[in-house]
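Each of the next two complexes has subunit A plus one more chain, namely subunit B in the first and subunit C in the second.
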Partner chain A sequence: MIERYLAQMSTYAGSIDGLILLVAVLVGFWFFAAEGMLFWLVWKFRERPGQKSQYLTGTEHHIKRWITWPHALVLVCDVFIVIGSIRVWNEVKQTLPEPDSTIRIIGQQWAWTFQHPGPDNELDTPDDIFTVDALHIEVEKVYHFKLESRDVLHSFSVPVFRIKQDALPGRSITGWFEATMTGEHDIQCAEICGIGHGVMAARIFIEDAGQHAAWVAANSNSTTP
Partner chain B sequence: MSDTAGAATQGEHHAHEDHHGPQGLLKYIWSTDHKMIGMQYMFTGMFMAVIGGFMAYVFRMQLAFPGMNVPGFGQVSPGEYNALVTNHGTIMIFWVAMPVLIAAFGNFLIPLMIGADDMVFPRINRLSFQIFFLSAVILLASLFVQGGGFGGAWTAYPPLSAVAEYNQTNLGSSMWLIAVALEFVAFLLGGINFITTLMNSRAPGMKAYDIPLVAWMIVIASILFMLSVGPLIAGAVMLLFDQTLGTGFYDPARGGDPILWQHLFWFFGHPEVYVVLLPAIGVTIEIIATFARKKVFGYKLMLYTTVATGVLSFFVWAHHQFIAGIDPRMANIFTITTLLISVPIAELCFVIIATLYGGSIRLTTPMLWALAFMAEFLIGGVTGIFLGASGADIFFHDTYFVLAHFHYTFFPIAIIGTFAAFTYWFPKMFGKMMNDTLGKIHFWGTVIPFNFIFIPLFILGLGGQHRRIYNYQHFPELAGADMYVLRQIATIALLVMLAFQLVFFFNCIKSWMSGEKAGRNPWKSNTLEWTTESPPPHGNWPVDEMPNVYRGPYEYAHPDREEDYWPQNEPN
Partner chain C sequence: MMARTQNVRLSAALLLGVAVAACNPTPPTPGLALGKELFETCAPCHGDMGTGDVEIDAPAIAGLPQWYIEAQLRGFQAGMRGMHANDLPALRMRPMAMTLNRDGDIPSVAEYVAGLPATFPESTLHGNAGAGAERYAAVCVACHGPDGRGNELLWAPPIVQLNDWYLVQELQNFREGARGADPADIWGQQMRINTFALDDQAMADVIAYVQTLR
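== the complex of A and B ==
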C-alpha cells in the first residue's frame, strides 16, 4: 500500500508495509461492513407514513447475537494484528542483528551530526569522519546507530527505510538498519524541536561498496567539529 | 439556591430563594442556575472555536502557499507557526471539546434529564466557570506577550517546554501551562458536581437504568477525568518549577527524565480521548433513539461497555510513546491493550447501528449530524488500529497519518457531536425551532469539506510527511508538486468549510429572533427535559410539578400504547 507513495529501501520496510497491508485488509473489511450496514439501515427503515417502528429491547438472545458474533470476530482480527505487530516490532526494534559497522547520530537544534567510523570501521577512534546533515552508508551492510541528543527531543526518521526513533538528551539509543538499494533520500526530524524544526533536514547517501570506500578515503582526514 | 444536596431534589424554599438571585446583567455573570452556566460554557467554547478555527486557517494557508501574506494575519514566521499549531490543538481540545461537550451540555442536561431543580453545588458550579473563564483569558493573553505564544506542541514535551533557551518563549510557555492547569481545576469542580448530582438528585422513581445514556456518559467521562488528571497536574507543577525555578525534574543532566513527562501526560491524555468521546456517543444515541423512534439496542450492554472502555483506557497510554525511547518490550504489552480497546469501541458502534434496525427514521438536521458522527467516527476508529499496532507505528508515528486519524476522531466528537447536540436541544434552550433548510445546508457544507480536508492528509502521511513543519521546501521528497496539490486541496476545503459556518451563526440568530415556537416537546421525545417549558424556568419545573419517573428513557413504539412514545414521567 505505502510502496506506491514511498520506495522500500531497507530490509524491514517490506515487513512494515506488509503489516500495514494486513491491518488495512482486516479493518477495511469492518469499516465497509459497518458503513454499509449503517447506510442500508437508514435507507431500509426510513420513515413511512402510518408505520410504527418495532419494539426491540436488544436483550433477547437471538437478537443479541447480531452484536456478540461480530464482537467476537473483532477480537479474532485483533489477535492476528497483535501477532503481526509483535513480529515486526521484534524484527525492527527488539532483536538487533550483528552489525557490520556502527555509526553515531547526534541531534541538536537544528542539525544532525553524523559520526562515521572511518577506515578502521571502529567508532570513537581518531579516524572517525564527522559530517553535518549528510549520512553516508554502504548498501547491504547492517548498521547499528547510536542515537543521541545534545539539547531537546529530536526524532531520527528515514521514511524510505520506515525507521523512526526519538533521540533523548542524556541517553544513547541503539537501533539498526540495512539498506537494500543505493540512492539519496530525506532524513527528517520527526519530533518538534523548536523554531528550526522545519529546517532540520538531512540527506542519507546510500552508496555501493566502491563509492563508499572512495568517500571514506576522501574524507578520512576530516577533523572533529 | 442552597448548597446542600437535599435542596436540589425537592426544595420548598425555591420560591423564596428565587427572588434573591442577581438581577439585570449581573444575572448572566453571577448566576448559579445550571442552564445559565451551561450557556456561559457554550458561548465561551464557541468563541474559542472561532479562534482555534482562525489559527487552522492561518497555518493551512502557510502550508498550501508557503511564504504568502495570509489575509488577516500576514506572513507566518516559523515561531508563529509553532505557536499557532500548539495553541490550535490546545484550544480545540481543552477550550472547545471539553467545555462544550461536557461542561455546557453536562450542565444544561443533567439536572433537566434527571428531574432536578439544579446542580447539587450551584456555587461550586459557578466557581468552575469563573476559573475556566480566567484560564481562557490567560491562554489568549499568552499569545501576545513578549516572545509570543508557546510553540512546543500541545503535548509540551520537555526539555523543549522546560527550558526558555530552547523554546524561546519564556513567558508564553509558563502562561500556557498555568492556563492548562487552571482549566483542569475548573473541570474537576464541574465533574464533582455532575457525579454528585446524578447520584443524589434524581427524580423519585428514577433508578440507575432509567437514566438517559447521555447523562451516564457525561458522568462516566467526568469520573475518567477525575481519575486521570491528578498525575498530569503533578507533572504540570513540576514542569512549571523546571521553567521558573530551574529545578531539574525533566533534565537528565540533573537526574531527571524527559520521558517521565510523557508518561504523566499520556496517562491523562488517553483517557482524555474517551472523556470527550463518551458525551458525543451519548448525544448520538439520544438523537438516534428519538428520530428512529426506537428503544436503544441493549441499554445495559451499552452502559457496561462504556465502563469497560473507561477502565481499559487507563492501560493504553504508552502507545503514544512506542518510539520515544521506552524499553522496546513495553511496546508489546501496550499493543495488546490498545487493540483490546477496539472491542468495546466496536461494540458501542454496533449498538448504535443496531438501534436503527426496525426503526422509522426521520432525517431531521440533528439526526443527520448524529448519523454523520457515526459514519465519520468509524474512519477515525479504524485508522487508529494502524497506530496501535507498534510495528506499523514505527512508520506512522508523528506523520500526517496520525494527524488525519485524530482529526477523524476529534472532529466528529467536538464539532459534529456538538452540532448534533446543539441542533437537537436548541428548541429547549431557546424555545424556538431552528430553520431546517439552513440547518441542512450547514450540515452538508461542513461534512463534505471536512472529508476533503483530511483524506488528502492521510495520503500525505503515507508519503512520509511529518507534522509541525512550517515549510516543506527543505525536504526534497516532500516538496514535490503533487504533494503541494494535496496540501492545497486540504486548505481550500478548509476555507469552504469555514465559510459555511456563517450559515450556522446566521441560522442561530434568525431562529432565535423569529423562529417558530417550539413548545415543550417538539421531537416527541421521552426524557424529562422535554416535559417542562422551553426554555425551562429557574428551578426547571414549578415546585409542585417536579416530575416522577415511571420507566426507562427509550420506550418508543411500545406495543401496549397507541402513541409511539411514552414520556418517562407519565404514570401510564
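== the complex of A and C ==
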C-alpha cells in the first residue's frame, strides 16, 4: 500500500512498510473506536429538558468493564506490534549478511561524500573512487556501509530503501542494504545539522552489472581523495 | 450582531488577502536592498561586514569586485568549486550559493558585498616574503598585477585584501584539483596551471609577499 506512494527498492523495505502498516492499522482502529465512543457518550448523556447532563464516576463494575476489556484487547495488539518490531529489527539491524562490496559514507556540513571500493573491490586502496553527492551501486548486491561524520550529527536517509541511520562524529557505524531494482533516487540528511541542512541532498544511482562496471572503469583513475 | 458580521467580513477579507499574497509573491526587485536582505544568509559565516571567520574557513569577501563574486557564486552553483570530497570549506559554501536561485539574487548580493569596505585581515602565516617576491614578479604579476589588485580583463581577482590562510588554501585547492579542474571552468584552469610548480612553502612565501603589497 505504501509502495504506491514511494517505491520499495531494498530487500527489507517491504518488511518496514509492513510494520508501519501494522502499527497504523492497530493504533488507528483504537483511535477511531475510542474517539467514536467518547463523542457518542457525550451526545447520549447530554443535557435534555428535565434531565441534567450526567457525570459517571466509573466506579461501578458494569461501567468499569468498558475500560478494562478494551484495555486488555489493546495489550494484545501491543504484543503483535512488539513481535513485529523485533522481527524487523532482527532482519535489518541484528543480521549482517556477507557483503559483496563495502563502501564508506561520510557526512559533513553540507554534503555527502562517498568512497567506492574501485576496480579491486577493496576499500581503502589507491584505486578507490571518491564522489560528492552521488552514490553508485550495483543492483542485487549486498553492500556494507561504514557511516561517518566529519563534524556534527547527520542522518543518512534513502527513502526508497526505508533506511535512516544517524552518523556520529568519532564513530564508524556499519550497516547494510541490497537494492532490488535499478534507478536513480534521492538521498537526504534526516538530522538537523546547521544552516545548510535543507539542501544536504544527494542521489543514489542503482545500476545493473554492466552499467556499474562501466562507471567504475570510467572513474577509477579520475578522482583522488 | 452588526459588529459581529463586520468582524467576520473583515477577517474573511484579511484571510483572502493573505492567501492571494501567498499565491502571488511579487518578484523582488534586484538591487542593493535585496542584496542586503540576502546577505543575512551569508553573515553567520562571513560576518556582518563580510570580514570572514577563520573558525569555519570563511574568507573576508568584503570589497571583492562584483564581477568576481558573481562568477564565483555561479561557479559554486555549477559545481566548479565545492564538489571535491576533501575540500570541506567549499562543501559548506556550495549549498549557500545554491540558495541564490532567483533571477537577480546573485547580482544583488554581489553588489552588496562589493560595496562593503575591504578589511585587509592581519597576516597569520610566516612565509618568506623575499623568496616570494621573485616568484610573484616572474609569474603572478602578469594577471594579478604589480599591486595584487587583479585584472578584470583576465578575470583575475584582487588578492591583497584576502586572508593569507585562505589564499594558501586556495592555491592548494588549485594544485590538488579541488578548484580549476573542471573543463568548463576556463578561468580557474588558467590559474591552476600556475600552482603545479609550487610546494606548500613556496605558496606561503608568495602569499607573504602579496601581503606586503597593501
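Note that in this section the second predicted complex is superposed on the first by the 217 of 225 C-alpha atoms of A that agree within 3 Å, B and C clash if a C-alpha of one lies under 4 Å from a C-alpha of the other, contacts with A are read in each partner's own complex, and residues count from 1 in each chain.
In this text, contacts are C-beta pairs under 8 Å (C-beta built on N, C-alpha and C of every residue); 3 or more make two chains touch, one makes a residue touch a chain.
Values in this document were obtained by computation on a predicted structure and should not be read as measured data.
Undergrad: With the two structures laid over each other on chain A, which partner does A:Ile20 touch: subunit B (first), subunit C (second), both, or neither?
TA: first
Undergrad: Is A:Thr113 in contact with subunit B, with subunit C, with both, or with neither (first, second, both, neither)?
TA: A:Thr113 contacts subunit C only, not subunit B.
Undergrad: A:Asp100 contacts which: subunit B (first), subunit C (second), both, neither?
TA: In the superposition, A:Asp100 contacts neither subunit B nor subunit C.
Undergrad: Now for A:Ile195: first (subunit B), second (subunit C), both, or neither, which partner does it touch?
TA: both
Undergrad: Can A:Asp208 be said to touch subunit B (first), subunit C (second), both, or neither?
TA: neither
Undergrad: Quick check on the superposed pair: does A:Glu122 touch subunit B, subunit C, both, or neither? Answer first, second, both or neither.
TA: Touch status of A:Glu122: no partner.
Undergrad: According to the contact criterion defined above, which of subunit B and subunit C contacts more residues of subunit A?
TA: Looking at subunit B versus subunit C, the one contacting more residues of subunit A is B.
Undergrad: Scan A:Gln51 for contacts with subunit B and subunit C and give back first, second, both or neither.
TA: The first partner, subunit B, only.
Undergrad: Across the two complexes, find the residues of subunit A that touch subunit B and also touch subunit C.
TA: After superposing on chain A, subunit A residues 109, 195-196, 199 contact both subunit B and subunit C.
Undergrad: Please name which positions on subunit A make contact with subunit B in the complex.
TA: 1-2, 5-6, 15-16, 19-20, 23-24, 26-28, 30-31, 34-35, 37-39, 41-42, 45-48, 51-59, 64, 66-67, 70-71, 74-75, 78, 81-82, 84-89, 92-94, 109, 151-153, 155, 157, 159-160, 162-171, 173, 185-186, 188-199, 201, 203
Undergrad: Using the touch rule from the top, collect the residues of subunit C that touch subunit A in their complex.
TA: 41, 44, 82-86, 88, 91-92, 94-96, 98-99, 176-177
Undergrad: Would you mind writing out the residues of subunit B in touch with subunit A in their complex?
TA: Within the complex, subunit B touches subunit A at residues 78-79, 81-82, 151-153, 157-160, 163, 166-168, 252-253, 257-259, 292-301, 323-325, 328-329, 331-332, 335-336, 339-340, 342-343, 346-347, 349-351, 353-363, 371, 374-375, 378-379, 382-383, 385-386, 389-392, 394-395, 397-399, 459, 462-464, 466-472, 474-478, 556-559, 564.
Undergrad: Quick one: which bits of subunit A touch subunit C in the complex? Just the residue numbers, please.
TA: 106, 108-111, 113, 115, 130-133, 150, 195-196, 199-200, 223-225
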